[in-house]
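Look for subunit A in each of the two complexes below; its partner is subunit B in the first and subunit C in the second.
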Partner chain A sequence: MAAIVHPDRNFKYWLISPAIFLLLLIGLFPLIFSLVVSFMRVTMLETDTSFAGFVNFVQLFRDGRLWQSLAHTVLIMVVALPIELLLGLAMAYLFLDRMPGRQILVSLLMLPTIISPIVAGATWRLLLDNRYGPINQIIGWFAGHPVPALWTVNPTLVYPAIIFCEIWQWTPFMFLILLAALSNVDRSLTEAAEIDGARFWRSFRYVVLPAIFPVMSVAILIRGLDLFRIFDIIWALTTGGPGTMTETISVYTYVQGFKQFETSYTAAIAFLVIALLTVVVTWAIRRMGLAK
Partner chain B sequence: MGYQAHGAGKMTGVPFHRRAETKLALRYLTALLLVVIFVFPIYWLFAISFKTPGEIFAFPPVWYPKSIQFNNYAVLFKDGDAKTVGNSLVLASVSTFFAMIFGTAAAYSLARFKTGGENLAVWIISQRMMPPVAIAFPIFLLYVWLGWVDTYIGLIILYTAFGLPYVIWMMRGYIEDIPLELEESALIDGCSRWEVLWKVVFPMARSGLFATAVFTFVFSWNDFLFALVLTRTEVITYTVQVTHYFGGQSNFWSKIAAMSVLGTIPVFITVATLQRYLVRGISMGAVKG
Partner chain C sequence: MINRRDFGKIGLAAGLSATMGTPAWAASGADTAVKAAQKYKGLSITVVWEAGLQSLDPTHFSGPKWKELTGMDVKVVEVATAEMFTKIMQDYKSGAGAYDALNVIPAWMPDLAQAGALEVLDPYVQKYSYASELQTIAPTFRDNWMKVGDKIYAFPDDGDVFIMYYRRDIFGDPAVQKAFKDKTGKDLAVPKTWADFDVVGAGLTDILKSKGIYGASFFRQPPYAMYMFEERFRNEGGKFFDANTMKATINSDVGVKVFTGMRNENKFMPPGVEQFGFVENLAAFLQGQSAMTISWPPYGRWAEGYGTDQEALNWVPKTTIAGKVGYALPPGGHPELAAGFALSISSTSKNKDAAYLFIQWLNSEDVSRQRVQLPYTLRDPFRNSHYTDPGYLALWPNAKDYLAALKQASQTGLLDLSLLQTDKYEEVMRQAISKLWAGEDPKTILDAAAVQWDDITQKIGLDKQKNVYAAWAAKSGAYPKL
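What follows is the complex of A and B.
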């Protein structure tokens, strides 16, 4: 009906406008809102909407807890991401050739990636329980005596706990993507190189890596951004504790907004995060030619 | 066997052939070990959900329930907690439906008319990368003002919008794969633009629509943060419900496990039935599979 009233010229705008409207609502509105409110002094108790200048942004630089949470986020990212990538790549090589029941095994490996991160966190909380969890039990077998490690409480063990869970859930994601990418590499180019180690590395470096690089970089980008906003796993495992030791940037923003009710200050943090990511992401997307 | 030897083995005869078999056996054992390691946590979750309290809190841990009993699930249904899975189902299905309609339409516009050029495409994709927590706070205040907190409509609109960039990105790729000639001949035959969309594009992109819908559904289904912020009592999703069982000292283990399994089974079933589309979907179209 609309096509009769509006000729072809407007058709493309009719198609895209509902999507654009919704994206503006959740994409642009929070950005503008955060910018405006961050120049005020609003908390849940006080609604002072007069212009307050840059106090909130100055506060950002003085806020040690904010920069610590950023450091925690980066720490998890720089440890987990390379492990996920290398382990995923090694696993992709392992499953590249035919073997009995390959399809079923690959499907089973997919399971961790499709469950909710909050369930992944909950599952690891049960696994890592100091007394009734199986992990301490298994470690105890190797150690020869019971090991009552408090994984989610002990400051030296919380990061390993979080990173184990993270790696368990997302290595299969890397694995699946890299397996698909490796399957597309022409085998005749690499077969001769599989006989000995030295030739294997050379063919990997000069034939395989360039071929899978575009796909690999998309996977790294997706996982990197997911790790930057990591929230669910932390929430289920430690809720940022002990103290604020495992507070990531997402957890800290949540606490400021919904526990401390610092409306204006949270808006300033949100704006900082959105602005920072928009610049990085837009650059990466253009650089990688993803829009095409 | 079905294994393709690496050329060398065939030429030099038995010893190398045997080496290839040993290699396969080693590879196979490693593969099995990895699968066991990665599947064990999920097994443990399912096992706990069937255990009796005595088995859950046994030391040393009991590795499998002596008998399958459904009491842990029955409790969830009796207390009404299981309805949170229903909430997740409504929110994820309805938002997936709208995201697919609006997203596919937008993708068609981008793919065939280059609406807005590359800048618009980049902006849409970059929306996918936004950290939810930065958006959650302003949206929460907006929803308080609109009276949308703890309502279906509030979360459905949010999930629809959050699914859109993914749908647009994926569907644009699938639509570009459809030969343009088909659409042109339909136009010459007197079809309107809308009819072309309905009668040519949708049927041709059917498998793509399916795969994209599955992932959009899973993203909404798995969401925790928005549900945590924007629900109170009425439309709590199962992910939020799971965290309600965490306590300072005593966790309700049986409830955590049973609720997690209830919320995981629908996703496993959906994904199992649509397995062959998965790789392209999971990598956001990076690998054309």
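What follows is the complex of A and C.
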């Protein structure tokens, strides 16, 4: 008996091939082209497209400013992320139970996340301005005298200012994700734990946390990646200053690529970042069990 | 009767007069441009202009006027100053040809010309007989902002220069003069040196602080303070590089002295002066909170209230010091020709001839005279005729002194440092200044900055940069004759 050929076996691939081609064109082509450029010497003054070996990649390891920018990025991540997580969780608990006006309050709380980050940064810069911003004025009322705090110039204040602005804008994102996660925890489990005499912290640790862990992991991963890429708030507040004190990897890459026109070196930096992130994300996914 | 010999003489005379300058009957640069542009009626050209007040010129005045005269549309692409160089280079590198006419900061010209982004203008200047009118641009701008090597790449179009503005009423107040004499043992006078400035500034702050007035205020944000450092450093005898070795010498004793002075002066300036930008400093001065400041020419116009009734300038704080402002050269006597703008043509433009005619018309004697008097413009006088124009002199009672100060400043002014990849050197200086305000040691900062400058020089090519620096340093406005 002759084999029956399903008429649509290959047709489905033909249907999805335009979309895949487009994705490859938009995603894969720039990636490969950047890799090629990273082995050249393309700068503002020279467009030397001959193979330059690993000179740009060797430069990566000699570039102290690059590694400092990575350190600044990690600093912001390790401070802001836990604070956003804890605050978001606390807020989610607050809004877990039904209350009058809950939906309106939740909507208001979400407003910071829908503002463009560069707009948020520019607004905070005005708010924190020493002469015209209300923040120093309000602090001065409490202090009883003018407080000329230079939030974007004073080295002891710049990081608190940046981290505060970042937390202000993105804690609501954590809040929303965790609210959804907490809402889906089986109430019977928590009630049973309560009946058995478990206090809040034991109940949270052994019942709630395991239940929300998968969703929380995804939220942590997403926010972690966002924090790694942080640019807008910093550019609006300090442009990486004072000096290069708040220059993160994104800010440094932008300066190298679009201010200094070190095109090939910037491509090399981009691949370093891709390599680092791939390692970190892979580890995170395995550690958090997200792939299961 | 006229014989052949007479004909020869007449012909020779006519030929000689044609080569010796523009005859009286010749059309002006503006007329020539308008007439030649008739063939481009209906064409649209794109011009890059600094975003904000500067672009009100082409959007409200010159663009509509040019359309009226020639039928050509002018599309204005407004770009923040910090992005202009990037946008111009990106357009050139991509070959898109999106821009026709350009505004360029003269310090960028070596980079842009070397990269091939700017069109050489000599053939157009010759074709449209504009050479003689270029000669009437004030010498400092004409001789330093027009050419790279021996080729014309741009027309100077904005006479930026730092001026010291001071309160005549404070300096002329007998009570203040007596108090100052009692305190310092010196007569109160507008400072001519930075040492004098420190004494006067601190003294006035001590005397007037109870009234909310400080001796001085400056803009201290790094992009602006960088120009003030460049000016003061050279006035104090500093050199940016050793001309033989191209080693950076910004960390010399002079550099450390200037940095230390700048930091110490903040103590007698308004609190938070480290954050002062153009607007904050303007507000402080116009609201009578400082007795001295240094800034670009618009401060002087706005201090007198000129143009501030315009809607475009409704953000300018209302002046409380109109009629009380005096003008002087900054301490040292050689002010920075900070930034400035010149008109150029993109080498990738598809409408070069049309774009050239537009910039010739803009830059011409007649049109530029009108443009520098627009109340909302930031274009400052840059032609010899601007400084003595009767219309400008009549704008406010003290305008004569204002224009005289601008003219003197242009004659003694110092050029911005202009090398290959100047922005890289400037970025190092901006970061150094922000570190200074953050409290780091001046010597440490400048030593690190010098090392970074040397690295940049090595990367660009020491010999290549040495030649460019030598050409720049040879200009009369590069270093003051002390």
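Going forward, the second predicted complex is superposed on the first by the 257 of 292 C-alpha atoms of A that agree within 3 Å, B and C clash if a C-alpha of one lies under 4 Å from a C-alpha of the other, contacts with A are read in each partner's own complex, and residues count from 1 in each chain.
The definition used in the following text is that a contact is a pair of C-beta atoms (placed from the backbone, for glycine too) under 8 Å apart; a residue touches a chain by one contact, two chains touch by 3 or more.
Everything numeric here is computed off the predicted structure, so don't read it as measured data.
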For this session: May I ask you to decide whether A:Ala198 touches subunit B, subunit C, both, or neither, giving the answer as first, second, both or neither?
Result: neither
Exercise. Which one hits more subunit A residues, subunit B or subunit C?
Worked result: B
Exercise. Of the two partner chains, subunit B (first) and subunit C (second), which one does A:Arg131 touch, if any: first, second, both, or neither?
Worked result: both
For this session: Using the touch definition from the top, say if A:Ala181 reaches subunit B (first), subunit C (second), both or neither.
Result: first
For this session: Using the superposition on chain A described above, determine whether A:Pro148 touches subunit B (first), subunit C (second), both, or neither.
Result: second
For this session: Based on the superposed arrangement, let me know which partner A:Ala219 touches: subunit B (first), subunit C (second), both, or neither?
Result: first
For this session: Name the contact category of A:Thr282: first (subunit B only), second (subunit C only), both, or neither.
Result: first
For this session: Give one of first, second, both or neither to describe whether A:Ala270 is in contact with subunit B, with subunit C, with both, or with none.
Result: first
Exercise. After lining up the shared chain so the two structures overlap, which partner does A:Gln260 touch, if you call subunit B first and subunit C second: first, second, both or neither?
Worked result: second
Problem set entry | Shared contact residues on subunit A - subunit B and subunit C | 131-132, 258
Exercise. Can you list the residues on subunit C that touch subunit A in the complex?
Worked result: 86, 89, 111, 114-115, 222, 271-272, 274-275, 280, 283, 420-421, 423-424, 427, 431-432, 434-435, 437-440, 460
Seminar exercise, completed: So, in the complex, the side of subunit A touching subunit B is made of residues 2-4, 8, 11-13, 15-16, 18-20, 22-23, 25-27, 29-30, 33-34, 37, 91, 94-95, 97-100, 105, 107-120, 122-127, 131-134, 137, 168, 171-173, 176-177, 179-181, 184, 191-192, 194-195, 214-215, 218-219, 222, 225, 228-229, 231-232, 235-236, 249-250, 253-254, 257-258, 263, 266-267, 269-271, 273-274, 277-278, 281-282, 285-286, 290-292
For this session: Mind listing the subunit B positions that touch subunit A in their complex?
Result: 2-4, 6-8, 24, 27-28, 30-32, 34-35, 38-39, 41-42, 44-45, 48, 56-61, 63, 102-103, 105-106, 108-110, 112-113, 115-116, 118, 121-122, 124-127, 129-142, 157-158, 160-162, 164-165, 168, 192-194, 218, 221-222, 224-225, 229, 239, 242-243, 246, 251, 253, 256-257, 260, 263-264, 267-268, 271-272, 275, 278-280, 282-284, 286-287, 289
Problem set entry | Residues of subunit A defined as touching subunit C within the complex | 44-45, 129-132, 146, 148, 150, 152-155, 241-245, 255, 258-261
